[in-house]
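Common to both upcoming complexes is chain A, partnered first by chain B, then by chain C.
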Partner chain A sequence: MIGWLTEPFGEAIVARGLLELLLLGLLSGGLGCWLVVSGMSGATESLAHGMLPGLVVATLLGVPLLLGGAVGLLVAAVAIALVTRLPLTPDVATSIVITSLLGLGVLLGLSPSAPAGLGGLLFGDLLGVTDLDLALAAGLGAAVTGLLVVLHPRLLATGFDRFNARALGHSVFAVDVVLVVLLAAATLVAVQALGSLLVAAMLVGPAATARLVSSRVAPMMLLATVVSAGASVVGLLVSYHAGIAAGGAVVLALGGMFLVTLTARELTDGLRRRRIA
Partner chain B sequence: MPGALDLPFFRDGLAEVLLLAVAAGVLGTWIVLRGLAFFAHAVSTATFPGLVVAEGVGFSAMLGGFGTAALVAGLVGIIASRRRTGADSVTALVLAVALAAGAVLASDVFGTGASVDRLLFGSLLLIDAADLRLAALAAILAVGGNLLWGRRWLADGFAGKGLGRSAPDIVLVVLIAIVAVASLAAVGALLATALLIAPAATTRLLTSRMRAWQLTTVALAAVEGTAGMWAAFEFDVPPGAAIAVIAGGTFALVALVRVAVLRTPRLAPAAGLLVLTAALLAGCGSGGSADRRPQVAATTTQLADMTAAIAGPDVRVHGILRRNSDPHEYEPRPSDVRAVADARAILTSGLGLDGWAADVVRASGAHAPVVDVGAAALATSGAGGDDPHWWLDPEVAIAGTRSVEAALIDVAPAHRAAIARRAQAYRARLVRLDAAIRACVDRVPAAERRIVTDHDAFGRFAQRYGIEVVGVVMPAATSRAQASAGDLASLERTIRRTGARAVFPEAGLNADLARRIATDTGADAQEVLHADRLGPQGSGAETYLGMLAADARAVVRGMSGGTVSCAVRP
Partner chain C sequence: MSAQPILVADDVAASYPGARVPAVASLTFEVRAGDQVAVLGPNGGGKSTLFRLLTGELNVGGGRLDLPARRCAFVPQTERSRLDFPVSALDVALMGAVSRMAWWRRPGRADRKLARASLKRVGLGDRMDASFGNLSGGQRQRVLVARALVQDAPIVLLDEPFRGLDAASTELLEVVLRELAAEGRGVLTATHDLEQARGADLVLCLNRVQVAFGPPQTTLRREVIERTYGGNLVELGPDVTGVLTDGHPGGAS
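Let's look at the complex of A and B:
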């Protein structure tokens, strides 16, 4: 049994994938919670999808994916900001931009003149991460965590009560901009491992799960980090023993943890209500 | 070449988008009004795993798609109504999980990796009579729901209410799921919002009166859908992507014009003219070429090259796959259908590699015979097995040239002698090449003849020349599967144990994994092999014979750690 659990991580290639996931998990623990609390889960999902044309163009031109992704994110963010100024609800505005960008990415990537294998950008390559990816994830994780610690009081003031924050003289807009920039950076690093379709799960999933248990920030962040580490280990174990795609298995594990936590929460809430009645 | 409207699949596609325009146009206005865009996106994406399961198990795709869509809609709805916050995180998470589940099911459980693109982004060749019926039903239901519950939806919309558990809201959610499923064939699971949301949001900028808004939305969706179908046909792209880009472009144009007109109202007529001109400019056609020689179509690049060499100037050969496309993951394009419609014979590589060729033949309505060159070659050469990469064994390929020769003579009997002569000469070159490869491989000590390839393609090559394939990076005959942690770890153990010196990435596929494994095990990953498709011009592997020679040179250099190299030439 112990061997069943430890054996996979003795393999260099699995251990490396786990390291990448743990580093990303640190990111999602801190940043993900603020994204979920500030109602930016939709934006997380959207930005990750919207960067696809940038990634495809980078692959076609042979420039680093990171650069292409950064430009793609910038275009997506500017487009969303512009469209939001029109008299439409933000979700509709975002949806239009993302659908067009995703369509464009597919046109470029799946057209007959594009080389085969661009489809891989959609689902990433967790087991193929390079030393550069790991270094980036570590560096970025440290930078984002540092920034979050410095900004903690501001985030705390605006994250939970946007209306009163404004009355207290805090700029909600500035905080949102900081969050979007951090989100873009995290998306960029995570996309190498998980692909543009699954990034959001790693950023939003652990935080959403943690929120079911606690709505206080510090425990929530801690729990989110634990959840992401747990899902990474479970996902890789399943991928190793059942022989299924690694990135997909991790995302399924994240979803499974959310579902289990939700069920447990509903059951305990039900018990408590009955006791009161 | 036949025009678009002569081909049955294009007429079906057009009818499909027009029906969808009614359904999506009417419902889209409600989605935009009620702020359900993200929800609609999640519900349509959620159909993806259902489609994969339905395709793998073999029941109705729509049933599968509707099942998972309804499940997700219900789940998100329940969570959203129970907890005041966090509905959007749940939606985002559900979306990602649905995509992951679909991808895992497709590549690992059912091995249908190739259809992932098609299910996510739509395919013009996928639309059949059942899709048309569903689209018609969706249109009727959407219009009916609109008449019965429109007032209630409108009142809730202006009151700014989210989704509740009232009957009208449940009807709205079910309708969204039905329309999302109906639009799958045309636009795919990931881009359903291109028809559901983009047209309604665009017309929202122009009018805010409900009836006018709905009518203009249906009209705009019909125009954008038609333009997208036409672009998909003309430029060989997935229709969902084309519709998404066209709808996004139209939205941007209308938004720009609106901003300009609001600033300077006198510009209104000029702006209208601008939009009209842009729309007219977008509708340009293209011409065709005349060639009186009989034409045959061949699926893979190496089969097309072999056929062209034997056909010479007497028969025109249309190769369906390009040098950069992968036969395993290939999705047929409308232009293939047009080429096949003109062909007098269709040569397929066979053995499951190009199973999509049957779809193409059916969609074109062609009556030309389909020749399975691979199956014929295996039967006459006596080679067994079901490995579809038969061309990597020259002896089987020689048997293959005989069925190519026979097919060409059937098409152009007047040139029988010339075709037979060229086929004979081609076989002689294959025999010489086979001998040269064997001589070269024999210079590597038998104990060192071990290779690791990218996907499971070189079994026949290895068997012929006494080489052992100790492992493959992608443990499947298709190049589209995703690697699992367990398979890669056991591959690394095998490489260390057997002392294999080289991992061979495949030209045109992602070499990251192969390089990673090489670095981990101390093997070399410098030499690149060509398995499923020819290399680009000037690579030395741009013909079938050149590809065989290049593979032999690379294998020998890699196995021997660079100590043996020989000049095998085609």
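Let's look at the complex of A and C:
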């Protein structure tokens, strides 16, 4: 049994994959919670999917994915801003742009001249993370965590009372810009390991699970970090022993943890209600 | 109560961006330290606009407003509060400290002490760790008052703070507001309740322009109230008049 648990992590590539996930877990612990309580889960998914054409073009041109992703994000942002000027609600405008960009990304990636890397861009390459990926994830994790610690009181005050934030001396615009910039940076770094489709799950999933059972933000962040680490270990173990894709297994483990937590909460609430009745 | 004026408005007007006509105009009044001012007027009469002007959310569109920056604490109506946000009553009270700090500073031990004391002051000493969303409407309103107490500003603005409060909470809040004024703060309360306004030192009547300003004896007269509320007055008896707000009598006079 112990061997079953430890054997996979004796292999360097699996251990590196786990390290990368733990570092990204720091991000989902802090930033992910703000994204969830600020109602930005949709934006997270949109950014991650919208950058796909940029990633594909970067692969085709042989330039760093980081650059392609950044340009892709910029194009998606401009396109959304333009489409929002049409008489459409923002969610419809965003959906149109993001699904189109995702389609364009797939089209480019499946062209005969494309190298066989599209799968990696969509689902990442968790077991192929480089030293640069790890360094980036560590640096970003530290920077984001530090910034979130400093800004915590203001993010809390603004998020709680957005409508009256200005009257209370806070800038909603500044807070939104900070969150979107951090989200863009986190997406760019995490996409290397997790791919365009799975990165949103890693950012939002742990926070959504933690939100189910947390009534304050700071404990929610700690719990989200633990959930993320737990899902990473479980996902990698299952992936190793069952021979399935690592990224997909980790995201499935996240989904499983959400479901288990939700069920446990509903059962406890039900018992409590019955006891009161 | 004559003290230094802490707020002076001289023919002030304010418009929302893009609007052709000002939302409120001809504001000429003075608030001194220790004044309790009732701001009376129909919905859309300019009460909220005045508060947005004072908190710096709206720019002065004309006239002169003498009010140093960030001098107002604001207590909004609780209806717009997010109930799903994971914060405790103490967290919310502590947010008042954040309002008066530079962005990189965090509330310290003294702020926490003040936040606890403020919650006790509004009668929520035993609910400090409760989730904000699990409190009753009246309790939530009092938490927002505690947040303003922690903000520790010389001027306190309250937007219909008595709405939805039970008798005990109303009495408690009235005491707190009187204490705030006694501490030398200016307390401005938007209300529809003529009875409440009668208890104030000064009454400011708004109906898109300033209709009247002065002590209750001179402002809470029938012709002033009629001009403030238009035709929305109802006779409740020989000497009793009420104001119709949203179809409900808002108070009697």
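Quick note on the criterion: the second predicted complex is superposed on the first by the 267 of 277 C-alpha atoms of A that agree within 3 Å, B and C clash if a C-alpha of one lies under 4 Å from a C-alpha of the other, contacts with A are read in each partner's own complex, and residues count from 1 in each chain.
One rule holds for everything that comes next: a contact is a pair of C-beta atoms (placed from the backbone, for glycine too) under 8 Å apart; a residue touches a chain by one contact, two chains touch by 3 or more.
Since the structure is predicted, the reported quantities are computational estimates derived from the model, not experimental observations.
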Touching partner for A:156 - first (chain B), second (chain C), both, neither: second
Which superposed partner A:14 touches (first chain B, second chain C, both, neither): first
Partner chain(s) touched by A:177 [first = chain B, second = chain C, both, neither]: neither
Partner chain(s) touched by A:63 [first = chain B, second = chain C, both, neither]: neither
Touched partner set for A:243, first chain B, second chain C, both or neither: first
First (chain B), second (chain C), both or neither touched by A:89: first
Partner chain(s) touched by A:135 [first = chain B, second = chain C, both, neither]: neither
Which of chain B and chain C A:81 touches, first, second, both or neither: neither
Which of chain B and chain C A:260 touches, first, second, both or neither: neither
Footprint overlap on chain A, where chain B in one structure and chain C in the other make contact: 211
Residues of chain C touching chain A in the complex: 51-52, 55-57, 70, 72, 74, 76, 80-82, 85-88, 91-92, 94-95, 98-101, 103-104, 106-107, 131-132, 151
Complex contacts: residues of chain A adjacent to chain C: 37, 150-154, 156-157, 159-164, 166-170, 211, 214-217, 220
Sites on chain B touched by chain A in the complex: 31-32, 35-38, 40-41, 79, 82, 85-86, 88-97, 99-101, 103-104, 107-109, 116-117, 120-121, 190-191, 193-194, 197-198, 201, 204-205, 235-238, 240-245, 247-249, 251-252, 255, 258, 322, 324-326, 329, 331, 333, 475, 479-489, 492-493, 508-510, 512-513, 516-517, 520, 533
Complex contact set, residues of chain A against chain B: 8, 11-14, 17, 36, 39, 41-42, 44-45, 83, 86-89, 91-104, 106-107, 110-117, 119-120, 122-123, 125, 127-130, 197-201, 204-205, 207-208, 211, 236, 239-249, 251-252, 254-255, 258, 262, 266
